[in-house]
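What follows are several structures.
One chain, chain A, links the two complexes that follow: it is found with chain B in the first and with chain C in the second.
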Partner chain A sequence: MAARRTALRARFQGGVTRVEVIWGETTVYVDRTRLFDIVQWLHDDPSQRYDYLSDVTAVEYRDPEQPIEVVWHLRSLPYRRFLRVKVELPRDGKTPLEVPSVWSVYKGADWLERECYDMFGIRFVGHPDLRRILMWEQYHEGFPLRKDFPLRGRFSRAEQLRQALAANPEARYSMEELTVAQAFEDLPEAMRARLKSGERTGE
Partner chain B sequence: MSTKRTVDVAIGTSGLDEQGRPRRAPLTVNEGGTVTTLEPPPALEDALELEGEHMLINIGPQHPATHGVLRLVLELDGETVVRCIPHIGYLHCGFEKIGEYRQYNQVIPWTDREDYLNSIGNNVAFALGAERLFGIEITPRCTVLRVIAMELSRIISHLVWLGTTCIDIGAFTPFLWAFEQRERVYELLERWVGARLTTSATRVGGMAADIPAGWMDQLQHFIKTFPKTVDEIDRVLTTNGIWVGRTVGLGVMSADEAVNYGLSGPMLRASGVAFDVRRDFPYLDYETYDFEVPVGTHGDVYDRYLVRMEELRQSTRILAQAAARLPEGPVNSDDHRVVLPPKSKAMSDMESMIHHFKQVMEGPRPPLGESYVAVESPKGEKGYYMVSDGTAKPVRWRIRPPSFLNLSAIGKMVEGHMLSDVIAINASIDIVMGEIDR
Partner chain C sequence: MGLTARPTDSLARTDTASGSGESWVATRLDFLVNWGRAGSLWPMPFGTACCAIEFMATAASRFDLARFGMERMSFSPRQADVLICAGRVPFKLAPVLRRIWQQMPQPKWCISMGACASSGGMFDNYAVVQGIDTIIPVDVYVPGCPPRPEGLLYGILMLQDKVKRERMSDTALRNEMDPDPKSGLYIPPAAIDELSEPFGNSVHQTRSGL
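Let's turn to the complex of A and B:
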């Protein structure tokens, strides 16, 4: 384990900010800009071979001063190893909630990153299709797992029902899937731009 | 890894032809009685320069073969799937958000409700994660009881998978046999914890209850008689020409793809990767049990079926070993900062009363830290990632859902297959939407 840490440090001097071991699990804090190189190296290097991406998620602490953390759980199936990689996004108002996507290394990151974006609003730069996944695309109350999001949502039950009934049900279907021309104006701006440019999403 | 394979089928079933393909109904009969199949006329479309329009078909969210509320939008060229866009989230209820407002023991009932076919396994997984976070040890008796719980829930889940997949593919009898056995496991669970589906069987540091008197005899009887049903289903399906014809060569994932897509459980093992959390990252002393990890060779629907059938047998083996070694002793840890002291002591002993009061009023508090504990659920690697800031409620409770990752590869798996095969491939993933949408 110590050898792994040294190898990582030696290769990416400034990229690894600190290493912690909690309950036997190693956590490597890395710099946001170097994350992709580090993950790629962990995946490709014959001495590491972290070929399995278990999970991508984020943590927001109750203390608003503490940075939001994006967490990658990696496994090396050949060596039976487990590693947690973290990127801290400080909330100084200057750092954007953006991290590089690892989709080109692990295809399994596709839905995991979409869920993380959906729940926390963290943008994964380089993801081919960063849409909401659990919430619908027209959802505009914000990002449910953020601490400033109330447990029961931003609106009362009555207001949520009113909004649901007022919405055009056809707008739940995107244009590319079903032809619903009259619902086009009800689609969110990003979706309309995407459809106008003829972009196709999905697998 | 080639998609071509030959499976020996039993005499008397409709069988496969020489190329290993299922026999189709003959299209024409020649004068001599010989059967020929006609080549489709390829010239027509070319001659007229017709370009076939792709059709969009919507399966779900209310379709019974989508095993819940999954919506698949399929782009079809004739009957062949060109593209598949899955839509999920219809069952999203914000479990992870709710967990941030609950104490650790109060989260356990929520774990029942995500992967509801494996509820007792989820209880155990959550308790293991919380115990690592609290830094407490569990008793030897609790460890073995939890192994029994996990394997029983694996049997339930695989039986439901088997039954529903049989129905999807068109066999009704194995469904009845499988559900009959599942009922027997539910009877065991009911006698143990009082509930069938939503068990909430564990607590941080122990179990909700010890097994009642005579329970082990019932379990032994189950262990003895259950393999007979597995053998019967095996005999009916494994060499059945229709079953083989509808499962072989479908939804193939190569080993590299399966690892890269993050598949786990029987889906990954069917592709030939022998990754089992029980063996590779052991918990609950699984390394001391003698069991095999079955792997497939082709990574198709048929291999997933074979792997799950073998896992049913291996689970029975583990159950027998666990039943034989179950030690006497207390079930709950005696660390009364986390586990409630016995009620009699809480009323007579000062220190116990303080522990009781603190736990009921404030809840047990773990130290600062985080833990990721993964177990081998019937669907794959089920992980619970918990982060604590020192208060009685987790800052973050993350479920790593195996079905979610397994389903994310469906677009890749169904591409190029027929519409009716989408049902078989989707069934082979063994999804539970409660876990995917959370």
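Let's turn to the complex of A and C:
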């Protein structure tokens, strides 16, 4: 255990800010700019082989001094190991809520990062199709799991309902079906532009 | 529950309605049509949560929905008579529910099953519709979290009773509502905000201490 932490630190000297071990679970705090290299190395290196990304999420603390944390849960099936990687994003108004996407390493990160973006507003740079996944595309009340988001939303109930009913339920098929769907005109502008340029999601 | 006792002679009353100026033929025809409709209500199950489990139990052999002429679940809204909305409806599902309701042919009825469908229930948050009667008109509300099958059956019997009381000469029982063209809602926006006010709505969030 300690040897592996040392190996990680030796390889990415400035990249690992600190390491915590709580109840036998290791948490590695890494630098935002080095995150992708570290995850790539954890995935590829024969001594690590973290081949399964089980979750991507974020934590915002009530204390405004505390930074927002983005969390990656990595699991190594061959070695039966678990590792938690965190990136801290200070809420100083200067640091953008941006982290690199690990989609090119783990394809399963696609929807996890979209959910994290939908709920916390954290942008994953390099994600192929970063848009809302749980809330609908036209939703613009904010990011529901942020601490400054009121429990019942920002708009009145009638306005929330009016906006929800304005959506076309047929405009929710996959990108491939959408090109032929009659609901094409009801799609958000950005999505239409992506479809027109021939972009497709998935593999 | 504020409900009047079900008149046991509701069917026998049809031929005494001549006091209202209806002809004997019209009342007989009413009786026949209503008898046929009430005994063959095809439900469209719109199950989104745990209420749907109770709905399945209602349809299964122990409680046997087929006793009331509803054995044929219509999973296509185009062949359905009753929309049974069982479970919470998030805002994202609101246009879908509205579309399904519009796809059902006349005559059609709606049962709102459970606390969440009727009022939002415990999900008083940013994502859940506070009562499906803001999206579609509702005939019968079944309380409970979730209601037991007996509760749903009681609601279905109430709906059958409502169907049996319809008169060709008096359309008050089946007053088809159109949504307000401006807001697209069945209830005025101010009323929706007012209804959710006692629990603290999205405008006044501090009422419940949150």
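Keep this in mind: the second predicted complex is superposed on the first by the 161 of 203 C-alpha atoms of A that agree within 3 Å, B and C clash if a C-alpha of one lies under 4 Å from a C-alpha of the other, contacts with A are read in each partner's own complex, and residues count from 1 in each chain.
Basically, a residue touches a chain if its C-beta (ideal position, glycine included) is under 8 Å from a C-beta of that chain, and two chains touch if they have at least 3 such contacts.
Source: prediction; values computed, not measured.
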Scan A:165 for contacts with chain B and chain C and give back first, second, both or neither. second
If we overlay the two complexes on their shared chain A, which of chain B and chain C does A:128 touch? Say first, second, both or neither. neither
Between chain B and chain C, whom does A:25 touch in the aligned arrangement: first, second, both, or neither? first
One more residue to check, A:141. First (chain B), second (chain C), both or neither? second
When both partners are placed on the shared chain, which of chain B and chain C touches more of chain A: B
Figure out whether A:71 sits in contact with chain B (first) or chain C (second), or with both, or with neither. first
Between chain B (first) and chain C (second), which does A:157 come into contact with in this model arrangement: first, second, both, or neither? second
In the overlay, answer first, second, both or neither for which of chain B and chain C A:90 touches. neither
Check the residue A:14 against both partner chains and state whether it touches chain B (first), chain C (second), both, or neither. neither
Quick check on my understanding: which residues of chain A belong to both its chain B contact set and its chain C contact set? 134-136, 144, 149, 151
Per the touch rule, the chain A residues reaching chain B in their complex are 22-23, 25, 27, 51-55, 57, 59-63, 71, 73, 77, 80, 82, 84, 106-112, 115, 119, 132-136, 144-145, 149, 151, 177-178, 201-203
Show me the residue ranges of chain A that touch chain C in the complex, using the header's touch definition. 134-136, 141, 144, 149-169
If we count contacts the way the header does, which residues on chain C are in touch with chain A in the complex? 91-92, 94-96, 98-99, 124-127, 129-130, 134-135, 183-185, 189-190, 192-193, 195-196, 200-203, 205, 210
Please name which positions on chain B make contact with chain A in the complex. 56, 58, 73, 83-85, 88-89, 92, 94, 96-98, 101, 132-133, 135, 257, 259-263, 273, 275, 280-281, 369-372, 374, 381, 383, 385, 387, 389, 391, 395-396, 398, 400, 404-405, 408-409, 411-412, 415, 437-438
